[in-house]
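The structure is given below, and queries will be raised subsequently.
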Amino acid sequence: MDYMSIIVIILAVLLILAAFFVIRSKDLVAAVVASAVVSLISSIYFYILQAPDVALTEAAIGVALTTIFFMITIRKTRRDEE
Amino acid sequence: MRKILAVFFIGVFGYYMLAILMDFPFGIDHLNPGLAGAYLKDTVSKTGAVNVVTSIIVNYRGFDTLGEVTVLFLAATGMSALLYDGKTMNRSRQNASVIVKAGSRLLFPLIIILGAYVFIHGHLTPGGGFQGGAIIASGFLLMFISYRNYHVSHRILSNVESTAGSVFVVLGLLGLLYGATFLENIMPLGIPNKLFSGGLIPLIYIAVGFKVGAELTALLDTMLKTVK
Amino acid sequence: MMFDPVLMIALPLLAAFLIPVINRFSKAIPKYIPVVVIGFNLYESIMLLPYSMVKPVIVIIAGWQPPLGINLTIGPLGNILALMISLVGFVVAIYNIKFVTEEPTEKYYMLFLLIITGATGVVLTGDLFNMFVFLEITSISAYALTAFIRDRNGAEAAFKYLLIGGIASTMILLGIAIIYTYTGTLNLADIAQKMQYVDPKIALAAMVLLIVGFGVEAELFPLNGWAPDAYSQAPTPVGAVFGGIVVKAGVYGLARMIYTIFNFEGVFYFLMIMGLITLLMAEMSAMRQSQIKRMLAFSSIGQMGLVFIAFGLATQRGVEGALFQMLNHALLKPLLFLSAGYLVYYSGSKNIEDLDGMGRRKPFLAFFFAFGAFAIMGLPPLNGFWSKMIIISETIRNGFVIVAAFVLAGSVIEAVYYLRVVGRLYFKKHDDNQQEKYVHGSAIFAMSILVILAIVIGLYPDLVMQYLKPAAEELVNKSLYIQSVFAIN
Amino acid sequence: MVYYIASLSLILIGLYGVLVKKNLIKIVLSLSLINAGIHILLIAIGYIDGRTAPIFSTPELRPEQMVDPVPQALVLTAIVIGLAITALALTIVIRLYDHHKTLDVSKIRELKW
C-alpha cells in the first residue's frame, strides 16, 4: 500500500462522511458547507485521476458558484430544517 | 414506511450497480482504439490543439458544447423570468470592512486576468471557456460582496451574452459556408503548443468564456438583487 | 431547395441568442421570430422528406466521420417526428402572437424557441450524449415555462417536474456511463452494433436506467406524476407544446433505445403492460377531473399509453399504428389545449362546470374543441379512428385479445368524459352575461390549420401511411439504421 | 476500486435524500450529490493506471501514455448542466418560499403529489 492510495482512502472516508452530514444536518448552512467539501474532494479526485480540466471546472463551479447559489437561497428563505 | 421503502430500493439499486462495476476492473487499459485511441493519436496533427479534452469539447463534440452553452443561457433566462417582478431591487447588505474592500479592489483585476488567461489558453493548458468564465464570475462575486452598490449593467451583460453566443453559432455557420460542414475548422491549424494554433478552437473558447462569464455574473446578480 | 439540415438546430439557437438584443430595439419583433424560424424548420423538414425516405441523411458536424464526431442521422422516423414537432411548434407560435401577455414576454419567446429546438435536436441527432444534452435543453426550458405564470401553483408544479426530471437526467447519465464503459463509443449506430457483445446483465441495467430517464418525458407510468400539474399550471400554449412536442421527443428516445440499441424480447411485454396500466390509470383519473386542463393532461397520458401498447407489439404494423397515433395526438392535443385555453380565458375559470353554453357564445372555439374531442375519441371518418383501428386490430391479430378489450374499455371511458364536456358546451344554458371579448384571428388561423390537417388525414389516411411505413421499418429492422451510418465511410 | 465505492455511496446517499427528505433545499442538495457521484464514477472509468493527463504539453509524450479523454469531456458538459439545473431549482425554491413561507414539501401540497 503506497502513500497515494492511503490518501485516496482517507479522502473517500471524508467524502462519505461529508455526504452523510449533508443529509443528516439540521442546519442548512452546515449542510451546504459539507456539500462544498464533497465538491472539493471530488475536485481533488479528478486531479489525482489525471483530469485537470475537470478538476478546474469542479473547483470553480462546484465548490464556489454552486455553494454561493445555495447560500443566497438560504439567506432568502430560512436556515433551519423544520 | 417511506424510509424503509427507500432504503430497500436503494439497497437493490446499489447492489446491482456494484455488481456491474465489479465486472470492470479499475485502471486497466480499455481504450476503444477507434474512438478514444483515435482522439489521442490524431488530435495534435488534425486539430492543432495539444489539450485533447479541449479539442474533443470544442471540435469533435463541438455540437455538444453549443448545447451546453444553451443550457446555461436557458438557466439564466429562466431564472430572470421566474424572479421577474417588474422592478429591480437593491442588494441590502452591509458594506464590508475597509480591508476587505481594499483587498477586493486589488484582487478583482487579477481574477479577471486569470479568467481570461484560462480561457485564452484553453487549447494549451487545462482549462477553457467554462472554467475561465466561472473564474470571472467569481471575481464579480467578490465585488458584489464587498461593495454594496457595485453595479453591473444587465444591459451590457446581456449584450455580451448575446454577442458571444451568436459568434459561436456564426463561427459554426462559417464552417458551413467555407468548408463543408457545420463547425468545421476552417482556419489554419498553426504550430502545436503555440498560442495561435488550433484553428477555430481558441476563438470558440474565447466566445464561450465571455458568454459563460456574463451568464454566471447575471445569475449571481439576479439572485443577489432579489434578497429582501 | 434544401439547406443543410443542421440549420434546423443552429438557426433557432442563433435566434434565441439574439432575441434580447432585438428586444431592445423593438418590443414587437420577438413575437414573430419563433414563427419565422420554426416556419423555416417546417419547410426544411418537408424538403428533406424525399431524401430521407430513400435512405437516412447523415449530416456530419465539424468534419468528422461518424464514430468520431457528432452527426445528425435523419432517417424516415426522425424526419417525420421533426416535421411533427415543427408543425406543432409553428401552429403554437402563431397562436402565441396575441395570446401571451405575461411579462417578460421576450423571455417567454426565448424559452419557447429553445424547447422546440431541443426536441428537434433529440429526434435528429445520432449521438447518445448529444441526445442527452438536447433532452436537457428541452426539459430545462419546460421547467422554466411551467413556472412562468407567477402564482402559487406554478412554482409547485415546476418543482415537482424538476425533481422527477432531475432524477431522470442523472439516470440517463448513469446509463450513458455504463454504455460508454462497455462499448467505448457514443454514436447510436456504433453502440447498437457493439451492444450484442456486451453481457446481457449489464445491458439490462443500462436499458432500465435509460428507460427510466426517457420514460419521464414520455409520460410512462409510474413516472408521469408531474404531467397533470405541469400541463395545467403552465401557460396554455406550453401545455400544447408539452402534449404535442416534449412527449414526442421522450417517446422517440424510448423507442430508439428499446428498438435500436438493445435487443431484449421481454422488454416489449413490459412496455405493453406498462402502456396498459398508463392507459387505464390515466383514463380513470381523467374521468374524475373537474378542471379542463387537468382532464386534457390525463387524456394525453392515456393516449401515450396507447402508443406504448402499440410499440410493445414490436411488429411492423403495430409500430405504424403507434406512429400514426403519435401523429394524430400531435395534431389533436394542441388543438384541444389551444381551444380550451381560450374557453378558460372567456369563462374566467378553469373548471369544466363554468364552460356551460360556450357553444352558443363562442361557436368557433366550441367547434374546434368538439372537433378535437370527436377526432381523439376515434369517431369513424376522422383521423383518430384509423390509428386506433390499426392498433386494436393488430393487438388482436397478435393474440392479445384481453389487451384489446382493455383498450376498447379505455376508449369508452375517454368518449364518456369528452362527451360530457362537449355536451356542456352545447346543451347547457348559461345565464350571466360576461363582457364580449373577441377571439384573435391569429389563434383561429392556427387552430384551423390543425383542423384541416386532421380532416385531410382522416379522409386519406394512406397519404401519411406511405411515409410511416419506412419510419416503422427503421425501428423494426435496426440493421438498416446501423448500416446507413457506416455506409458513408 | 475505492473510487467506485466512494462514487456509488454518493449516488446512493443522494438518492436516499431525494426520496426521503422533506426540506426543499435538502432535496436540491441531494440531487447535486448524485451528480457528483456520477461525475467521479465517469472519470474513474476513464482512468488507466500509470498514465498522464491527455495534454501534449511536451513533445516527448506519446498517446499510449494517456488516460481516456472522452469521459473528461462528458463530465465537463455534465457539470455545467448540473449547475444549470441547480440554479433553476433554487430559483423555484425561492418562489415557493415566497408563496408558502415554508420549505417543507409536506406542507406545500396544494396540488396532489
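A, B, C and D are the chain letters, set down in written order, and residue numbers restart from 1 in every chain.
As a convention for this text, contacts are C-beta pairs under 8 Å (C-beta built on N, C-alpha and C of every residue); 3 or more make two chains touch, one makes a residue touch a chain.
All values derive from a computational prediction rather than experimental measurement.
Student: Between B-C and B-D, flag the pair that has more C-beta pairs in contact.
Tutor: B-C
Student: Centroid of subunit B to centroid of subunit C, CA atoms only: how many Å?
Tutor: Comparing mean C-alpha positions, subunit C is 31 Å from subunit B.
Student: What is the distance, in whole Å, between the centres of subunit B and subunit D, each centre taken as the mean of its C-alpha atoms?
Tutor: 16
Student: Can you work out the whole-Å distance between the CA centroids of subunit C and subunit D?
Tutor: 28
Student: Determine the centre-to-centre distance between subunit A and subunit B, using the mean Cα coordinates as centres, and give it in whole Å.
Tutor: 20
Student: Among all residues of subunit C, which ones touch two or more of the remaining chains?
Tutor: Within subunit C, the residues that touch at least two other chains are 129, 133, 136, 140, 143-144, 147, 150, 155, 174, 181, 186.
Student: Note the residues in subunit D that touch 2 or more other chains, in rising order.
Tutor: 3, 5, 11, 15-16, 44-45, 47, 53-55, 66, 70, 72, 76-77, 79-81, 83-85, 87-88, 90, 92-95
Student: Among the residues of subunit A, which ones contact at least 2 other chains?
Tutor: In subunit A, residues 51-54, 57, 61, 65, 69, 72-73, 76 touch at least two other chains, as defined above.
Student: Can you identify all of the chain pairs that touch?
Tutor: All touching pairs, sorted by chain label, are A-B, A-D, B-C, B-D, C-D.
Student: Which of the residues in subunit B end up touching subunit A in this complex?
Tutor: These residues of subunit B touch subunit A: 51, 53-54, 118, 126-128, 130-131, 134-135, 137-138, 141, 216, 219-220, 223-224, 226-228.
Student: Would you mind writing out the residues of subunit A in touch with subunit B in their complex?
Tutor: Result: residues 51-57, 60-61, 64-65, 68-69, 72-73, 75-76 of subunit A touch subunit B.
Student: Which subunit C residues qualify as touching subunit D in the complex?
Tutor: The touching residues are 129, 133, 136, 140, 143-144, 147, 150-153, 155-160, 162-163, 166-167, 169-170, 173-174, 176-177, 180-181, 186, 225, 229, 233.
Student: Under the stated contact criterion, what part of subunit D meets subunit A in this complex?
Tutor: Touch list, subunit D to subunit A: 2-3, 5-6, 9-10, 13-14, 16-17, 21, 23, 25-26, 28-30, 32-33, 36, 39-40, 43-44, 46-47, 51-55, 66-67, 72, 75-76, 79-80, 83, 86-87, 90, 93-94, 97, 102-104.
Student: Under the definition above, what is the set of subunit A residues touching subunit D in their complex?
Tutor: 5, 8-9, 11-12, 15-16, 19-20, 22-23, 28, 31-32, 35, 38-39, 42, 45-46, 49-54, 57-58, 61-62, 65-66, 69-70, 72-74, 76-78, 81-82
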